[in-house]
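Two complexes come next, and they have one chain in common, subunit A, joined by subunit B in the first and subunit C in the second.
Up next, the complex of A and B:
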């Protein structure tokens, strides 16, 4: 005998924070729920949703089913490193989580959905690496969307102490090809002084699913943060990525490799915020578009007053594999300091006939020639990870995608 | 066994360029084609390789008896035609080593994998002949290469793919004397009774280092004169003015 429990929409059901969570957390979730309800839906006139597909934002069909899984692949860790599922970390290291949990505002358009995430998140990973401790092997977390119309709200919080080092991979996938799912993920990366923090998100959801990912990176003095996003799955994915160069000498790499095909749509918004002098940020987003897929890239570099000697670069490159694709790029700059080196640019191009002819003249079929070139176009940004393990994880996802187009 | 070009006519955007080329390159021989700019030399090489900007209006090209004009570019290459380009394309993102490997893999029967260790051993030994730095394996195909590096890279591919018929389109242009000698060394190392060469050049200079068996002069889309290597020296001294004066010898 089975009992059917009517699931209510994620838009209607108030958060049910587990009773073992700290009080501050359940209070926060209630507050976030109120915020979610009061915040307006994005509308057509919003600059941060320009070219965006607002129709994708109707999440009323989704419920919190609880069938989805999270799997952790954690290497052996040096003493002092805390690496726990978020739910456990809330109990055992509540104060530390509290100090860093979702401190920055979502400013690239998804404030409402970030509030929903905050109200609903139950799982994810908390990583804290103390001063001078280095974790060599990547920590891997797999979020597997399971069940029809199920929504998940995975949270990733990574904190590195002074001169610490860590890399973390979030993989997002579906348990089958058909069930529509929704993933609203938030990751907060807090790179302490002189530390090296590398984060990599690999999104391979099925093509009936939707994804919102909001990333906030805070880079301390002389720290180096890398945030990489790979998109090959989902019907629609929206990435909002903010990197704040908070301390002098901070360096941030913001990288992405996306391969939409069919009717997939990826919408990416970025913000490079230079708040201190002698900081450096380098953004490279690459899209390889097939079918009638569509991408939007909108990036802003902001150099605060006093953030002199800033180097900031922003490049979005689109490789149009078919002339039925659409790539929109909106690069932007706002500079309020002196002695600043900034560049921004975007390109959209298809593979030239001469390149194909050249490869074919060596016996390579036109199909393989196109794939080699597309693969090379993506590999170039993946290699910027400068970490063989992470590169392999991303390249494998890319290979899986290329095998289907 | 030869590459035979018979009464070949080809146009680009309705403009006839080749107007009845006849040429036979038996295996084991090196043929050179010289001629002024615009005479159709490069077009001939592109048409043989199968470039689809050119429309063949009549004639035939047979490789060891088999017609190749209906075949695609990649198929002709696998059949044994190799064209060393005058201006090799740059292919960003694809490493030289992966590119040559893919070209070799394309020649293997389905399901058979290229032996990676043997491949690199072979690649390095050929690169040594051409005095190419190992770093060229990891660099994107021709991207940022100097003119001379691109030409050496063409010869490297030719050596790796082991073709039956090699066409070199102005491989000497843009090469200083040292680079020219290295390229010639690569070509000479490949001379064999099993391979034919067609060398297209403006100048006699390359032919000092690669001795041709036959020299042909092309003008206005036809071979207008043929001879032995002394013809190249003659042309070097007296130029192509004789073409205008109507002193045409029959091909």
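Up next, the complex of A and C:
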């Protein structure tokens, strides 16, 4: 098997940067390819892969086909807003892309695969919202994995100017239920001073596919960034999310709602980095587990020296719907500053008999009662998006999932 | 601001020195047996020869040495400071070749004076059921009240335990903590000496605590005591340990292994007040095995040492077993208290509780590291973990790294952690009422740990509060 596929495996073939791309970009891709080859594979002893499933990291069977699609649903945009497929933005706004493209290190374990993404990415979206411009309607991008053993590397780069506002949704899905695919996605969110940036990823790949998603959020002075991840699909998904409070008064919400069932495995790593004083971050990750599914949550709050008056919260809640599920939680804190309020919490539990009994007493069947409670548990994090359109998109995905379990 | 901080740190430093003065003295060395510097097969054989170990113990030691040399330093998750331990410069065995005495009158005068100054004989008269006092590698004094001996209580050092009571000792020795558990448990297995062996017979509830006191007197020394406590069905015992060392310029290593076995319905409480001088690397492995309906409680207070890495654990092997860790850590400048708990649920309806409070002062670093493991096919397991950290100065540091694994849906776990400061409002409120700033800080800190201090036996909790007050002196920032 390996000999036939090896020729065009994503691990073997050097990047082919389109000739119309700027020189800096093709140089960058060549450099990233060299980095990918020299970086070590994650190994068992790595703390950032503790409880993780390293077997999922053999990507040798995947190739860069061309069958997968990207669809854009772009609302009418105010003047000055740039919203283009990444490939076009590289040509028309190369300098702006260059300034912000993948500037932060992947520090949560997937450096090697982030380098692979950097070397191979061709597609995705570039959004730039100038100072004081607000985009009300969400910008939607759909990535549809098509073809057997095809790999895609979608990139999302969002930049907001001073006091600007925008929301972007990335949807990841498969064109059919069977073809195994691989998606290694990276998103860079750069929230400028006083701006409001909301990003939402909805992952509904088929259960033969795998996903790595790496998020880097940089929150400027008095800005408010929200990064939301909904996971209902894929055989295995790894999310790495880093939020850096770079300017004073920065605020970051990191949210996730995941509903694994069957043999699905979700591995989520987060990092709340407070680099400036008077910043706050709030993380809420919720997992509802069915079947023999497994989740890993590992979170760290880092408060730098000098980042006084930080408020940072981190909560991971696991609802275990069946006796065969497994939830691993590693909520962590590293505090190097003074006048800091930090807390983290993690709970794992099942629905209590009293809750079911209460609903049954009102004529609701036990099955429906369990479903209602699970639904309520999952959806309260969705409300934290505080954006009706985005909430609807996520709730629909959740509904689709609950209908199958 | 910066000059302020510097003054504060100097004052903090003074506070530490005042406190340490109690244990900071030493006597000239008077050793008949000295295994020399560095660790080789010959060192291990030397110790075995001096102690006239049975063959199985000698083999056990050699296996320990091989495992130790094999295992890497755990610096991929632990602090790099571990690299500063120079295993070739440590002396692994020092003793005067005397058997432990049963009466303080027979103990060599300087050893007696050491323990007198630390208040050990006085405490024994006041409230203890038995005492073992270890001086460098071997126990100098070991005594247990006569009536307990009549009831069948065994309280001896580990060497005597493995020779005189092999039938009780051997089945559990190295079973709760296997040699290969970690690099330092392997090191201890190779060169262990001293520590207690305790056996409490069925149904016996020992009213007064048993105590061990570990004293390091020599420079560049490594102390490797090994303790095994077996509480037979339905028995109860409380064991307390204290420790001090003089403050040397060079690093000293203390690496103990403590194994507890609580048989059906038994209850073991293990109390530690760790007050090593700030040049000691304190790398200790402690674990208890709780059978059906048994309870193992670790009550742990870490004030001293340069680096402490200690995660007392309980393996709940029988139904309805209970495990508990109550932990207080105080990290001052130059100290890293890396403490935590390990709760392994291995039977239905087992419950565990971890309450950890840490205080970081000056440039001190306090770390909580925990593991809770609930495997498949169990039901009714419960864990509660709370860790609270208090930071006194702007330069203080604190970390929390828990790991919780739950398989199956018939369990409840919760983990909570918080980090806070003594607020300016709180201090202001007290100062308004005529309390000095330093006293207000001390009161606030005592309030923070008060509910845990009350878990310690009364004689200890008074001492603890005083110690913490001293450590906090002058650290208002």
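A few points about this structure:
Rule of thumb we're sticking to: the second predicted complex is superposed on the first by the 398 of 405 C-alpha atoms of A that agree within 3 Å, B and C clash if a C-alpha of one lies under 4 Å from a C-alpha of the other, contacts with A are read in each partner's own complex, and residues count from 1 in each chain.
Criterion: a residue touches a chain if its C-beta (ideal position, glycine included) is under 8 Å from a C-beta of that chain, and two chains touch if they have at least 3 such contacts.
These numbers were taken from a predicted model, which means no experiment stands behind them.
Touch criterion met: A:355 reaches subunit B, while subunit C stays clear of it. Contacts of A:322 after superposition on the shared chain: subunit C is touched, whereas subunit B is not.
Applying the stated contact rule after C-alpha superposition, one finds that A:337 touches subunit C and leaves subunit B untouched. Of the two partners subunit B and subunit C, more residues of subunit A are touched by C. In the superposition on chain A, A:403 makes contact with neither subunit B nor subunit C. By the touch rule above, subunit C contacts subunit A in their complex via residues 76-77, 376, 379, 389, 391, 393-421, 477.
In the complex of the two chains, the subunit A residues touching subunit C come out as 45-47, 50-51, 305, 308, 318, 320-350.
Put simply, subunit B touches subunit A in their complex at residues 49-52, 72-74, 77-78, 83, 85, 88-95, 98-100, 102-103, 106-107, 140-141, 157, 161. By the touch rule above, subunit A contacts subunit B in their complex via residues 352, 354-355, 357-366, 368-369, 372-373, 375-380.
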